[in-house]
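You will see chain A twice below: alongside chain B first, and alongside chain C after that.
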Partner chain A sequence: MVEKQSRWANVYLVIMFLILYSPIFYLIFYSFNAGQYMQNFSGFSLVHYGELFADDRMLQIVLNTFVVALLSSLLATIVGTFGALGIFSVRNSFLKNLLLSLNNILLVSPDVIIGASFLIFFTLLGLSLGFGSVLMSHIAFSIPIVVLMVLPKLNEMNSSLIDAAQDLGANSWQVLTRVILPYLTPGIAAGFFMAFTYSLDDFAVTFFVTGNGFSTLAVEIYSRARQGVSLEINALSAMMFLISLALVAGYFFINQHNTTRKSKKGRGRG
Partner chain B sequence: MKNRLFYFIPYSLWLILFVGAPIVLMLGESFLSISHHFTLANYQDFLGSGTYLQMTFNSVWYAFLITLITLIVSFPTALFLSNLKYKQFWLLLIILPTWINLLLKTYAFIGLLSKDGSINHFIELLGFAPQQLLFTEASFVLVAAYIEIPFMILPIFNSINEIDRSLINASYDLGATKWQTFRRVILPLSADGIRAGIQAVFIPSLSLFMITRLIGGNRVITLGTAIEEHFLVTQNWGLGSTIGVVLIIAMIITMALTRERKKRGRK
Partner chain C sequence: MTQTIIEFKNVTKSYEETQVLTGVDLTIEAGKFYTLLGPSGSGKTTILRLIAGFSSATSGDIIFDGKRINDVPANKRRVNTVFQNYALFPNMNVFENVAFGMTLKGVNKAQIKEKVTTMLEMVQLAGYEDRSIDELSGGQQQRVAIARALANDPEVLLLDEPLSALDYKLRKDMQYELRELQQRLGITFIFVTHDQEEALAMSDWIFVMNEGKILQNGTPVDIYDEPINHFVANFIGESNIIDGVMREDYKVMFAGKEFENVDAGMRPNERVEVVLRPEDLDLTTPENGKLIVTIDAQSFRGDYYEISAHDDDNNEWRIQATNPSVLNSRQGLTFDPEDIHIMRFDESEDDFDARLENYEE
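And then the complex of A and B:
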């Protein structure tokens, strides 16, 4: 049914993959360079990994980055899930669409705008910039993606499940924790996961609201890269690449889990 | 449901505090002078001086170039990918680079494009003199396009993938050539994906500021760079907010132009 592709199409794809991956592998390759620059490979060495693991400041920043990512995605998941439940319960279709549009504003806004406007906001409130402001910003820009991940699950949920639970005498708290939330778990997991990667990936918003004392990986890399090449960053990017691979594997696993659940259900019915 | 209100409390707090308030504050700030008095001077500065208008025009032009290059490169990729056997797996490989921090990818190009870097070695191999590649407009556009490619491929792939294969087969059966099938069947049916891709690439391209700094070496100033400059370097938040408002307007126009058109299917 699928017609055979010409050889040129495959050549084109191979070139695309080479273009997409060569900068990344270039970075990783030079992390093993015994020399000091990202050129003229002068021999294999792990010296830059040694530097990385001896660099307390960098390790602290890596820790900061993961703490912010974990906390912000956790809190964003909670608020976002409740938000999705709220939006779902709205019957008026105009109001519902309005809420959905408002929800998506932060998803489509350029991150410079988010960063600058949050900076104005925090300054007006008199908040000192640092861990707190970065954490709040990350929660704020992660909430809409959680909503978008949870809402479809809610829409496909069979409402007779809730009716049945209520008929059997469950109170609304029991309906929520025993029926709705378990049903939504795959969507919530996907939302948490996306929020986590959003937070890890963010540079611009953090750059605006971070102040002096606190730094995340992206901001630190930016300030180091402005001073020139240091192969310690290459070593770091090799580690980050491995983490990304692990995250993708995790995402794949969540997806797989969702689809097997679905197909199991299908089999049960048929 | 009586819990409805309870569900809404944290979410509406977020809507008010982090969606509504910041935008309103930014709009307000754009009407304030440095000494916090109401003024229209920021807008006069922006519209009156040729430099800011020129900068806005340049920024839109660069974003247009970046979007165009990404589109030209991505469409065939998406099309060819959709014909592969394990397409979801290959698609995952296309998306994987987006999970690597943007800064790291940009940083790679500092090495690749430097005076003594690999690309210059390659140019020398071809028999040309090494060029100054870093800190040029061209390198900025290419690196930005590199970063954005996956975001263009993904929506186009999805729309091509949704096309019913029998439509394409029917077109061949009715005697259309490959080109005609592409032009009359595949292209119109993937238009929504193309629009979504343009939207996903054009708006961020207007506001990229770290690539202009690291790769463009201050030769390229986009709307994003100008905002960053005014907020974090010169501390002129009023003018920075004014440029922010311009960026928001540019974003709204882009979204209006690339909106999905649902009515057309009828005909």
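And then the complex of A and C:
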């Protein structure tokens, strides 16, 4: 009975993953098509990859996207970590919940609204749209994500660690840098990666605040797709998929490494 | 030759509405082992946190080595703490944990290494320098926490229920080790616990606390033999507490009979409480007994039998006996005059001490 159940569970899982992944594989499959359309596979060819690497505009946009993602997630991580520390240190529980709710509202409110409000904000201030405005809005929507990843780690931290550090002679700065931040590192790293991926694939917000002459991948693919998808996009998608796969695999192996180290320690315990 | 190191003068502490300490006065002398003993919520940990500087007094003075330290931050005080949950830094190994205080002070590397080695030897963890914290058992973490605190050469070591997470056997061992360590180093230890057995076994001096007040302080023997009131008598060890009347000096009446005792200094016919410790009571034949009791229940406790009985006045008695008794049988109960301890209602510790001094001369 149990075996039967688990077999059906497996079948279900396999079907679900097939459905989820088949469009991506379909896309990747046709990136190798010698023809120009996603029909009639006329033979294997890397011609679209060639096109992609010859497309300077596209490569520039890929670079832009990564620069924005890296910079915005880095800055958001710094601001968000201190924000989480700030929220954590608020004693008044009403004020604390208020701050937390304000943070969460930003997280759940639709990107379109956030994007539109940024557009209004930037035009009101008379800022020109482009790299700066995209970077700023990415930082802004990433901060709540970082706060959300760091805060649980802070709450989980035993407050007597801070007492202990002070007790041993640490001033506030030393408490922060030698005890609190090292303790939060996993949460900070998770926040950074979340912010990074959010920034990489953000379309709605970027679409509003990007001006002429600056674009990110999501926006560019969208505008090209409207004029009929060239298989160059397929090639790009395949490359991006590979990079994501590598990132996930790397994350998995780092995790695996840590847990085996942990469990070895567990066994060594007297 | 004793020198006062810490003094509390009418210290109070409140969190918003609730008052956790109500006018505490205490004096700590250098080089002794002190215990703050009380149930949870009695304010004992609050006193420790005030000494360490983790929280500040609402009013009153905290004096350390002759200077008022109310406004001195925790990192500038010459005391160190061993925390209940050890509070070791998980991102550092054993060496780095023990060296933490010295690293902050900028002590040179060779000196740090030497000191850490000495400290780890002292707590019997030589060779554990490179272990990470989660590799250690609870008892080992405990030792690292002690080494980390003592590595800073504190004048006073504060211990916040450090043994409560250990199992019974390990706790017993650590009690001896801590006591031995304190005597060897000559540092003042202030130990917080709710375990009366622990307090009696380790301390030079005990403060018994309840509801933000120090009810009684004294040596373990004094507190055990002469508890000031119902709460202390009940909290420290097991007691039979019976209502009685002090007829005159050295004569007390309870359970419908008059007995000779050794207490005095009360009003004639004053209503009092009488304390008799279970281990001071002996069962004998009804003819030889000062009281006659009926045995209700008994349980074997390894080194003794715990027997409960009631007398003809329906007072409950707990007796510790080396030999078993017979259920529902009538037995005599004997005790000596000096086994009887009298507690007056609402007597302050000062009055209690004054009265004792008066008639003991």
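Keep this in mind: the second predicted complex is superposed on the first by the 237 of 270 C-alpha atoms of A that agree within 3 Å, B and C clash if a C-alpha of one lies under 4 Å from a C-alpha of the other, contacts with A are read in each partner's own complex, and residues count from 1 in each chain.
Convention: a residue touches a chain if its C-beta (ideal position, glycine included) is under 8 Å from a C-beta of that chain, and two chains touch if they have at least 3 such contacts.
Computed from a predicted model, the values in this text were never measured in an experiment.
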| item | value |
| --- | --- |
| Partner chain(s) touched by A:Asp201 [first = chain B, second = chain C, both, neither] | first |
| Partner chain(s) touched by A:Ala9 [first = chain B, second = chain C, both, neither] | first |
| Which superposed partner A:Gln166 touches (first chain B, second chain C, both, neither) | second |
| Chain B versus chain C as contact partner of A:Phe53, first or second or both or neither | neither |
| Partner chain(s) touched by A:Phe131 [first = chain B, second = chain C, both, neither] | neither |
| More chain A residues in contact - chain B or chain C | B |
| Which superposed partner A:Leu27 touches (first chain B, second chain C, both, neither) | first |
| Contacts of A:Ser89 with chain B and chain C, given as first, second, both or neither | first |
| Touched partner set for A:Phe66, first chain B, second chain C, both or neither | neither |
| Residue ranges of chain B in contact with chain A within the complex | 1-4, 7-8, 10-12, 14-15, 17-19, 21-23, 25-26, 29, 73, 76-77, 80-81, 83-85, 90, 92-94, 96-97, 99-112, 114, 116-118, 146, 149-150, 165, 169, 199, 203-204, 206-207, 209-210, 213-214, 223-224, 227-228, 231-232, 237, 240-241, 244, 247-248, 251, 255 |
| Interface residues, chain A side, partner chain B - complex | 1-3, 5, 9-10, 12-13, 16-17, 19-21, 23-24, 26-27, 30, 37-40, 78-80, 82-83, 85-86, 89-90, 102-103, 105-106, 108-114, 116-121, 124, 136, 140, 143, 172, 176, 197, 200-201, 203-204, 207-208, 217-218, 221-222, 225-226, 229, 233, 236-237, 240-241, 244-245, 247-248, 252 |
| Chain C-facing residues of chain A, complex | 158, 160-161, 163-171, 174, 178-179, 182-183, 185, 262, 265-266, 268-270 |
| In the complex with chain A, residue positions of chain C that touch it | 52-54, 73-76, 79-81, 83-85, 87-91, 100-101, 104-105, 132, 134-137, 140, 148-149, 152 |
